[in-house]
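Single-structure report; data block below.
Labels A, B, C and D are assigned to the chains in the order they are written; within every chain, residues are numbered from 1.
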Amino acid sequence: MSSTTPAGASAGADTLLDVVSAGVDVIDLGRQLRTGMPQSPNHPQFWHTLPRRHGDMTRADGGSAANDMITTGTHVGTHIDALAHVSHNGKMYGGIDAVEAGIGGKYDQLGVHTIAPMMRRGVLLDIPALLEVEHCAGGYEITVADLEGACARQGVEVRAGDVVLVRSGWGSLFEDGTAYLGKESGVPGVSEAGAQWLAEHEVHAVGADTIAFERLAPSGGHALLPAHRVLLVEHGIYIIESMDLEALAAAGRHEFTFVLVPMNIYGATGSPVRPLAVVPA
Amino acid sequence: MSSTTPAGASAGADTLLDVVSAGVDVIDLGRQLRTGMPQSPNHPQFWHTLPRRHGDMTRADGGSAANDMITTGTHVGTHIDALAHVSHNGKMYGGIDAVEAGIGGKYDQLGVHTIAPMMRRGVLLDIPALLEVEHCAGGYEITVADLEGACARQGVEVRAGDVVLVRSGWGSLFEDGTAYLGKESGVPGVSEAGAQWLAEHEVHAVGADTIAFERLAPSGGHALLPAHRVLLVEHGIYIIESMDLEALAAAGRHEFTFVLVPMNIYGATGSPVRPLAVVPA
Amino acid sequence: MSSTTPAGASAGADTLLDVVSAGVDVIDLGRQLRTGMPQSPNHPQFWHTLPRRHGDMTRADGGSAANDMITTGTHVGTHIDALAHVSHNGKMYGGIDAVEAGIGGKYDQLGVHTIAPMMRRGVLLDIPALLEVEHCAGGYEITVADLEGACARQGVEVRAGDVVLVRSGWGSLFEDGTAYLGKESGVPGVSEAGAQWLAEHEVHAVGADTIAFERLAPSGGHALLPAHRVLLVEHGIYIIESMDLEALAAAGRHEFTFVLVPMNIYGATGSPVRPLAVVPA
Amino acid sequence: MSSTTPAGASAGADTLLDVVSAGVDVIDLGRQLRTGMPQSPNHPQFWHTLPRRHGDMTRADGGSAANDMITTGTHVGTHIDALAHVSHNGKMYGGIDAVEAGIGGKYDQLGVHTIAPMMRRGVLLDIPALLEVEHCAGGYEITVADLEGACARQGVEVRAGDVVLVRSGWGSLFEDGTAYLGKESGVPGVSEAGAQWLAEHEVHAVGADTIAFERLAPSGGHALLPAHRVLLVEHGIYIIESMDLEALAAAGRHEFTFVLVPMNIYGATGSPVRPLAVVPA
């Protein structure tokens, strides 16, 4: 989805508002939340229902209100992992004791409420464009050479503080839910080496168009997640999963303003998000 | 909450990225989602819990993942009303039949998935600053004269396409849940006349720091909601409720870039949101 | 599960309490509710989580309380279908208009709250014992001849008001979730003819050890459910699904006191249940 | 609610089935589960909604199925406390370490799945009938003298293994939700002494018509729950709360067959239940 804010009068000394008022294009990087969409079976399924529909109850003045009930995990649809999501050998990022941190039923430290809204430089690394394939194969490991090759091909560099989105093309399978999960086929993505490369570039967050960001071996499930360890536990770098990177790649935008506003759920380990790439119209 | 994106190298011809890279301040206009926060009793309560905590299950490689379960209405915390939320005399905005629209259990038309992410001019109208009170009284109707007085006092004008945030100061009662709901006291806000004034200015969306945006009479409950009718049903203007406008008012920012990214829930009548006011650092 | 109430002193003129006090054996016909158990994908998944565990919060007096959050459909685990669950050509049992009945979001008529708790004669028809197989094959239709053959073999008759449990043996696959659902294999059960036979015997309710009570064709899904129509819509006979009939069959009990207490959920279309077969010890 | 199973032909040597077939009266001791009913604010609210109503989707053969989504705590409506619900000084019943027992997110020991279905002698102790009041006052402590007085007045004795239901009459306030919760007024019930008396009689379970079984002091909330400690932690006696004892008292039945079938939720701390008093017709 892409929408355009029409140009309007400028606001004087506010340079941001000047640019925004001149019109921006928004490319939606989030998946629509629908009951039945593909998601990890480890998390409560997303369900949406209408407890009250129009026609159920009408007020004296002729008005009626319909409403919703949602039950869901937070690691469903396009979502961000808070640092509290993962521990290794009993420790979370910064050496925080992972068991102690959960006492009380909220992660006061490193919960998703500690992730500041993001408006910063985003970079797309388009791996299938580099490899000249429609999408990387199931279980394919995106290597450091691939990451560097994509930078070179695109003429972009990864800088400290960036949000780096690694496109595998696997997102094109999203509508076919079972294929997207890749239980037997595996799922493409970076693994430990790629994660190290991203961490060395001191990025702020990373994202991908797959269910678990990192490479999953064929029939391997989620038993080993070395990139999660490197990024979340060792370097405090957020991970965004199940992104829709197709429109962004099609638009050929490799640098952009990346906007992400996590839900401010106190103590949660993640949040559904709807990240945006924004560019002047 | 306010966070600063540190200045970085610019990105060439991308004027938006130039400004963002020079650093922006983000003022959070959303309430934190916490179990037990004040919310309308007409909607499913927000609940967050951890099905799995660190320590419950550890993978062979020493890793563990904690996760969440959420159940909630969509009109909880800071949230936006989709046009599908309200009907009048059986019709929604654009004359759409409200009962028919709900068949299937999703509002295909006018659901929250039809609200485009917003990045546009925001205006704060600070009524207590005009009236020289800490907050407007329960049940106080914010009049057209108040709205125009706030514009004049602040030296801002409301333009077509703006998002207008009407501060009553009532948000300072949020932490004391019962007072905030204002069941007996009523709640301040615009009513039909103020909503008409906003609609005449062709605004894109409106927001307030109260539970129902509009004035609620003492002991009157939600039985009459004329501003909802004017805005949602007659003019297709979105309503944002339970905002936190205290930091924005304290910062004295009356014009800013307003950012709002609704959850893309197919067919829902609303969505929790975390709106932002963004200004150059 | 089977438990014995030890014999105690009798209660005088209360013949029921006399028998119960003399000791009864209870055979549990319900599946345990566990997150991840096999269930129909058409219904919200059963999830259980602990928002508060011991250790999270301790009262001044040294006490603490742990608690639960559940989200679930009602047609999960062992469950009963209320008459409101199914309509045919727009009508529910008794010719009630099915669309109109749902206005308000509760089935005031024919909802699960209208099912009286059951304590009545139960009959087990053990089809694999008759056919001398471990379990009926996927997609096998249990015929009228099978039902009558089971009665003859067992020396029992089906009477008006009975609850008749048709064992296919398919319940032995419950622990292997995917096989139990039988998406490709189909699932054994009665079809229209068997349902007619049961209806002619004026039974009060029927049950089976499969997910949908009736025969599902291989790869056919739930597209055609003629037995549901015959029983629920045409005759007002309740259906109990996903029962555990293995222990009852192993015990060789073909007649017993059947106890079923549905959850009294106002307006719901079904309820998880834990039916019991009770016999004197 | 009371329903009668009509008399039928007997089943030979099955003395239980003989009695049941001769007809029994069932008195429902459970509250109907409705969205908005009074419940403790410490537990997730009961919500029921219909994701699919008749008319939303019709199969090719003319059939349609409506279904439900429920979110709820387990300590809502009429419910039973499992022994895992409460700990004291870090220990549950039998000296089990309460923190350790919750690791994994399920109480493998003492969870509600460990409560066997009950069919045993039930005794009603009708305190308002003894005291000649409509209902005990808020905050009134039901004393040992009251319990013994009720036994004497009714001519019943409490025996080992019984389920004892202590009626305070407070249940008559259930429909007026706020009064029933008794936040300011307090709630009547036994306290430590009464719980000790019940424990000395070696009862199997106890129940009451109030939200917390035991006496709550005016404005005292749930800060001190000595009867819970005595019963659940020290003696392993189950507690049933928010029962409807009005019809049973009105019927003047003080001894009966008590039937209770907890939901078999693996690892949960409690379960909604619908207990029954059953007597020969």
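As a convention for this text, a residue touches a chain if its C-beta (ideal position, glycine included) is under 8 Å from a C-beta of that chain, and two chains touch if they have at least 3 such contacts.
On a predicted model such as this, the values are computed, not experimentally measured, just so you know.
Asker: Count the touching C-beta pairs: is B-C or A-C ahead?
Answerer: By number of C-beta pairs in contact, A-C is the larger.
Asker: Using mean Cα positions as chain centres, tell me which chain lies farthest from chain C.
Answerer: Farthest by centroid: B.
Asker: Give, as an integer number of Å, the spacing between the C-alpha centres of chain B and chain A.
Answerer: Taking the mean C-alpha position of each chain, the two centres sit 23 Å apart.
Asker: What whole-number Å value describes the gap between the mean CA coordinates of chain A and chain C?
Answerer: 42
Asker: How far is the middle of chain B from the middle of chain C, if each middle is the mean of its Cα atoms, in Å?
Answerer: Roughly 46 Å separates the two chain centres.
Asker: What positions in chain C touch 2 or more of the other chains?
Answerer: Within chain C, residues 44, 47-51, 53, 55, 69, 71, 105 contact more than one other chain.
Asker: In their shared complex, at which residues does chain D touch chain B?
Answerer: 36, 41, 44-45, 47, 51-53, 55-57, 71, 103-105
Asker: Which residues of chain D touch chain A in their complex?
Answerer: 35, 47-51, 69, 71
Asker: Help me check something: in the complex, which residues belonging to chain B touch chain A?
Answerer: Within the complex, chain B touches chain A at residues 1, 3, 5-6, 8-9, 11, 14-17, 19-22, 24, 26, 28, 30-34, 42-44, 48-51, 53-55, 59-75, 84-90, 92, 98-99, 101-102, 105-107, 113, 116-121, 159-161, 223-226, 228-229, 255-257, 259, 261-270, 272, 274, 276, 278-280.
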